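Some structures to go through are shown next.
Next come two complexes built around subunit A: one with subunit B, the other with subunit C.
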Partner chain A sequence: MSQSMTLVTNEPFAARRAAPAGKHVLLGRAMLAFATVAFLAVLALQSLDAMGVTALGFESWRPLLYVYLIWAAVFGVSQVMIRGEAGERAAFILPAVLFTVAMVIFPTIFGLYIAFTDWNLSAVEGRRFNGLDNLRTLLADAYFWNALLNMVYYVLAVLIQYAIAFGLALLLNAEIKARKFFRVAFLLPLMLSPVAVSWMIGKSLMEYRFGPAATLARYLGWDNPAFFSTPWLARLSIMAMDAWVSIPFMMVLLLAGLQALPAEIKEAARVDGATGWQSFKEITFPLMLPVSMTALILRIIFELKLADIVINVTAGGPGGATDTVSSFIFREYRDRSNVGYGTMLAEVYLVIIIVFVALILKWASRWMQRTN
Partner chain B sequence: MSTAHEAIRPETPARLSFAVPGFMTRSMLIYAALVFWAFVSLFPIYWTVTTSFKTAVNVTQGHLIPFVDFTPDWKGWRSLGLSPDTIFEQSTVRDEFIRRFFNSIVASAGASLLAVIIGSLAAYGLSRFSYKFLWMRNKDISFFFLSQLILPPVVLAMPFLVLYKQLMLLDSLVGLILVYTLMVLPIVIWIMRDQFDTIPLELEQAALVDGCSIWGAFLRIVVPIALPGMVAAFILSVILCWNEYFFAALLTSTDAKTLPVMVASQTGSQGINWWSMAAIASAAILPLVLIGIFLERYIVKGLTAGAVK
Partner chain C sequence: MVVAGCDNYRLLLEGRSNVVRSATHGEEFALASMDIVNVGKAYGSLTVIHGVSVEIPDGEFVVLVGPSGCGKSTLLRMVAGLEPITFGDIRIDGQVVNDLPPKDRDIAMVFQSYALYPHKTVAENMGFALKMRGEPKADIDERVKKAAEILDLVPYLSRYPRQLSGGQRQRVAMGRAIVRDPKVFLFDEPLSNLDAKLRVQMRAEIKELQRRLATTMIYVTHDQVEAMTMADRIVVLRDGRVEQIGSPLELYDKPANTFVAGFIGSPSMNLLKGLIRTSGAPFSRPTTVSGCRLFAHRKAPTADPRSTASGRSISHLAAK
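The block that comes next holds the complex of A and B.
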């Protein structure tokens, strides 16, 4: 995806107008300065009020939100006035940047602060700074490490999903009738909400007494088909549900990759007398490596957020065997109102994810270079 | 890049040759596998929809085929107030359901619209101009947006909970729309940048020579061409937002609760009230099944944008 960046060129859009005249620049600067001062003033007033220094009686921090919106708008307009066409260009990207900064950077910093406090919403004391205590609790928290280990299993299961998805993509790419029907049918699970899937499959199809899956299992000679009774069985059941939902995603990517392959290459292989398996192993699979990498990396990134199905089917049980880090933190907040500790868990998990994904990306790009 | 979109269409099937002797056997194997997976994909949906028409006996005895195994009954839909005999009567469950349904529509459509607008603008800027902000150039800015994909919801959930409380955005659709916009923005930017990269520069150059401003050229020339991509991004965003559960469960309680939260709360509380659960689940997935059947092209287009080169 980053190759396209090289397409960026300025030549056809070289600034045609000179920088705007002095009047506009001055007005723009004045507007920006005024908006900034107003923003800072409201921020200061609200902070003072919140600390109890003044008694202006703000009901909430809403005013600050409105001032930020106004400031953002003025900032955009003033950029155009001050910098002319360069400002017009900047105006394309400004809304997204300002939005993301407000929605991510600030909450993340705030989250870091919460992570170092002892803050239980149901307790009376309120927020209390407790330094590294949360981190110490985390290191000793067997359930967290257990959830992290489960994430390893879930991520490894992505490889199996990949194999199945590749098989399905090959099937759909073959000369078949009713291709449209099969494509839509295979794609449908991806569209369904994980919560609905939790009920449809986890709580009714796999239900111990009446579920068709249990009935089928009994018919096949498994006396006691309780899909969520033992740790590994429960984990495999969750993996199966997750696979059902997410295989179509990789399948769609791989199918698009297969259809983009030049037909001549396969034709040549067939003329040379390669068998189906040989031509797959020697030609199709190597040519599909870039697409495969993209599909796998995207899937792994999404897999790391797995939570909905676990929360709704097993709530982490039995004994934390199916817990993902996300579902564990979700319960830490929902059931124990433990905001401080839960946030610390989340921040540590974020660091682990960033390191992990960075390593994968690095490894993937190095590996791709070597094979090319 | 353009080949990726072209290629999704099935007109040019490549040969899949297994080393199984005899043409019939091979194609039979392929069809057997296809039918098997179609069954795996569709049976849970079939099961859910039929169960919503079952009575308790039919559930416990495992009857599967309507009119053959069991006589369909409106029981599940009656409990929702949506069966033919209850549709005109008062029903608190139905009112509740319709409110959740409406909330889901507003939240997902609103967030997707906002994300497509600001995402398309950013994607166009990143595709056409070179920016420099402090040390960040286009590549870094793109990475900044895309890296939001990695961020798991749990990291933002609790700061958002506290901040929203302060901003009085808790349990409001506006708050939910903002979170969902944040969630789908990286995907929209990814899809749209791929779209804009495939549009030749000559068209805009001509417009600029004719005296259009940059924004004029964008709105009049580029947007109409990129519209299919925007639709794809919009539909994909709607699906993601419609299915979102994590933030909805944490940030909403009574007013702004969405459909997935309602479905989830039913599973917890009622034990196995199969028919009504099946009816709610069916109603919750119905819009998505329809989108999947009729707008499959756009979904595939959105999913594969930028991923297949």
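The block that comes next holds the complex of A and C.
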């Protein structure tokens, strides 16, 4: 019996793939045009009013928000009307796009504008465009470069935190007594607010005169246990407190990774004669690389924003030795009310973080690939 | 898929000169026998293996078979040293290995999931045990290459496990075991992840491999067809107890109890309830419940004249 082949096509499906145009193209275009004109009109009116060119306008900017919401809704509906199924598909992501534009992209761009203004909250006159002055100040600002150098030390400290976190994760993954208790106990520092930690530990435990840690250090023979007196000692103390708070975060990620490793692979290594250390070096560690990289990159991003402990314990001292970029920006805003320059610092730092993290991700991508 | 040829196997055997000589000249030599003596396993108060004893002479292919949860995999893991032994002794070559870690037992194991190292190439996977032993790199490469030739894995040596099909991964897992030249091979349901056709093919290959290497192998499966086709001897386990030990045909022809009778054979044996009458005749005649009299193949136990079950597979009934 001979068999003939027929090419089977799903014509309705193919037709839908071609995405026919909408049924109400004209009406859709008209609606979109009307909504856009209304939005731009309100925007222009309010801008002119705010600049004092015309006396005509609303009391606040709030109507513009309402017009934006209406315009967004009309934009979505008109997409369906004009482009048919392609518009329907677009409607799935439009809310997210419009929300991101309103809540992320617009504030960033607005912040960029503020970064190029001279705006001191305690000054009598308001915001004033001052060109590249803020950027010039920043490039010549020794405090900023000092803080940036400190960030290098703090980021390097993350590697030590990682090593400790990996060790703890291995311990908690092993068959030890009271494993559940230790898992919760080791998470406690992460649950504490860093502000509470800085007062609990930095300001009271490590207090020079009566703090228990200082008393213990004296008892052990350290004459002058001032934990925040010399630059490196202060830096190390801050790093230790930061590590105490954030090691549990990495530990939890690594522990989850360890538990996801297939038990049979480790058993195979045991049968193959690997000792504990060889098994770690040859099997566990390489298999954990993707998780390790994720944990490290997340922690580095968090570390780059370290501020709370520094602000509370040392306020950047002594002599800027513990200062972070974030705590420096905080002082610029909080102590000097210098919004324009502070925002320039924040925007430049954002660019530095984005570039740095992008480079790390690119470098790390070869370790991040899934191996099974 | 290619079935490895005899020449390939010979290549490996050249590396094992003692085996070759014995295979060709019948010389005496010592390979590994394995004795499992009254071995048991308990988790707290729950005993899962109640004293299993199996004597495995050198070079035998023993299959542990039983329904899931019968303790066969646990028993194999105890032999491998991955699971502590609660009581009893395991001896390899007469030496008690109860407290030895897996690496000192000179065993190799093929896991159900293959347990290949996903970040290592096929060659690195196969040579891992040798590397751990600290053997020179040239030796490792040579032995890996030989094993790869046996298993037709040469083109894949530089690939990663994720780039291989299920059957190829299975071969790599076997290659990893062969390369080490162990005293005993352990297989933990190695074929259950393969499709039906490949499973039949690999069954024959493993059996052939065992014949060529003449090494003791312990093979765990829940598939009685695998057990019947591959084993020199089968150990039927149920609930942590040995139900019967014997060659495939012994189990098939003379099952020790109704469990073994029902478990072995495909299609499974039909069991008829009946009574044994002792009428003084040399052979008693079992009578089924419905009154049908059967001819007993051998003398039925007459001491216990209660209702009994008589089994014969339907093929035999039809023939007789």
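Following the convention adopted for this analysis, the second predicted complex is superposed on the first by the 287 of 372 C-alpha atoms of A that agree within 3 Å, B and C clash if a C-alpha of one lies under 4 Å from a C-alpha of the other, contacts with A are read in each partner's own complex, and residues count from 1 in each chain.
Operating definition for what follows: contacts are C-beta pairs under 8 Å (C-beta built on N, C-alpha and C of every residue); 3 or more make two chains touch, one makes a residue touch a chain.
A quick note: this is a predicted structure, and the numbers were derived from the prediction, not measured.
Novice: Clash or fit: subunit B and subunit C on subunit A?
Specialist: Because the two structures are overlaid on the shared chain, the partners are seen to fit without clashing.
Novice: First (subunit B), second (subunit C), both or neither: which does A:A268 touch?
Specialist: second
Novice: In the overlay, answer first, second, both or neither for which of subunit B and subunit C A:V357 touches.
Specialist: Touch status of A:V357: first partner only.
Novice: Once chain A of both complexes is superposed, is A:Y219 in touch with subunit B (first), subunit C (second), both, or neither?
Specialist: Touch status of A:Y219: no partner.
Novice: Compare subunit B and subunit C by how many residues of subunit A each one touches, and report the one with more.
Specialist: The partner with more contacted residues on subunit A is B.
Novice: Classify the contacts of A:P286 with the two partner chains as first (subunit B alone), second (subunit C alone), both, or neither.
Specialist: second
Novice: After overlaying the two complexes, what is the shortest C-alpha distance between subunit B and subunit C, in Å?
Specialist: Superposed on chain A, the two chains' closest C-alpha atoms are separated by 10 Å.
Novice: Looking at subunit A, which of its residues have contacts with both subunit B and subunit C?
Specialist: 270, 275
Novice: Note which residues of subunit C are touching subunit A in the complex, please.
Specialist: It comes out as residues 80-82, 101-103, 107-109, 111-113, 115-119, 128-129, 132-133, 160-162, 176, 180.
Novice: Could you pull out which subunit B residues touch subunit A in their complex?
Specialist: Interface residues on subunit B, with respect to subunit A: 1, 3-4, 7-10, 12-19, 27, 30-31, 33-34, 37-38, 40-45, 47-48, 51, 59-60, 62, 64, 117-119, 121-122, 124-131, 138-139, 141-142, 144-146, 148-163, 166-168, 178-179, 181-182, 185, 189-190, 193-194, 197, 201, 204-205, 208, 213-215, 218, 239, 242-243, 245-246, 249-250, 259-261, 263-264, 266-267, 272, 274, 277-278, 281, 284-285, 288-289, 291-293, 296, 299-300, 303-304, 306-309.
Novice: Spell out the part of subunit A that touches subunit C in their complex, as residue ranges.
Specialist: 262, 264-265, 267-275, 278, 282-283, 286-287, 371-372
Novice: Considering the complex alone, what residue numbers of subunit A touch subunit B?
Specialist: Residues 1-5, 7-10, 12-13, 16, 59-62, 64-65, 85, 88-93, 95-97, 99-100, 103-104, 106-108, 110-111, 114, 167-168, 170-176, 179-201, 203-205, 207, 209-210, 212, 215, 244, 248-249, 252-253, 255-261, 263, 266, 270, 275-277, 279, 290-291, 294-295, 298, 301, 304-305, 307-308, 311-312, 325-326, 329-330, 333-334, 339, 342-343, 345-347, 349-350, 353-354, 357 of subunit A touch subunit B in their complex.
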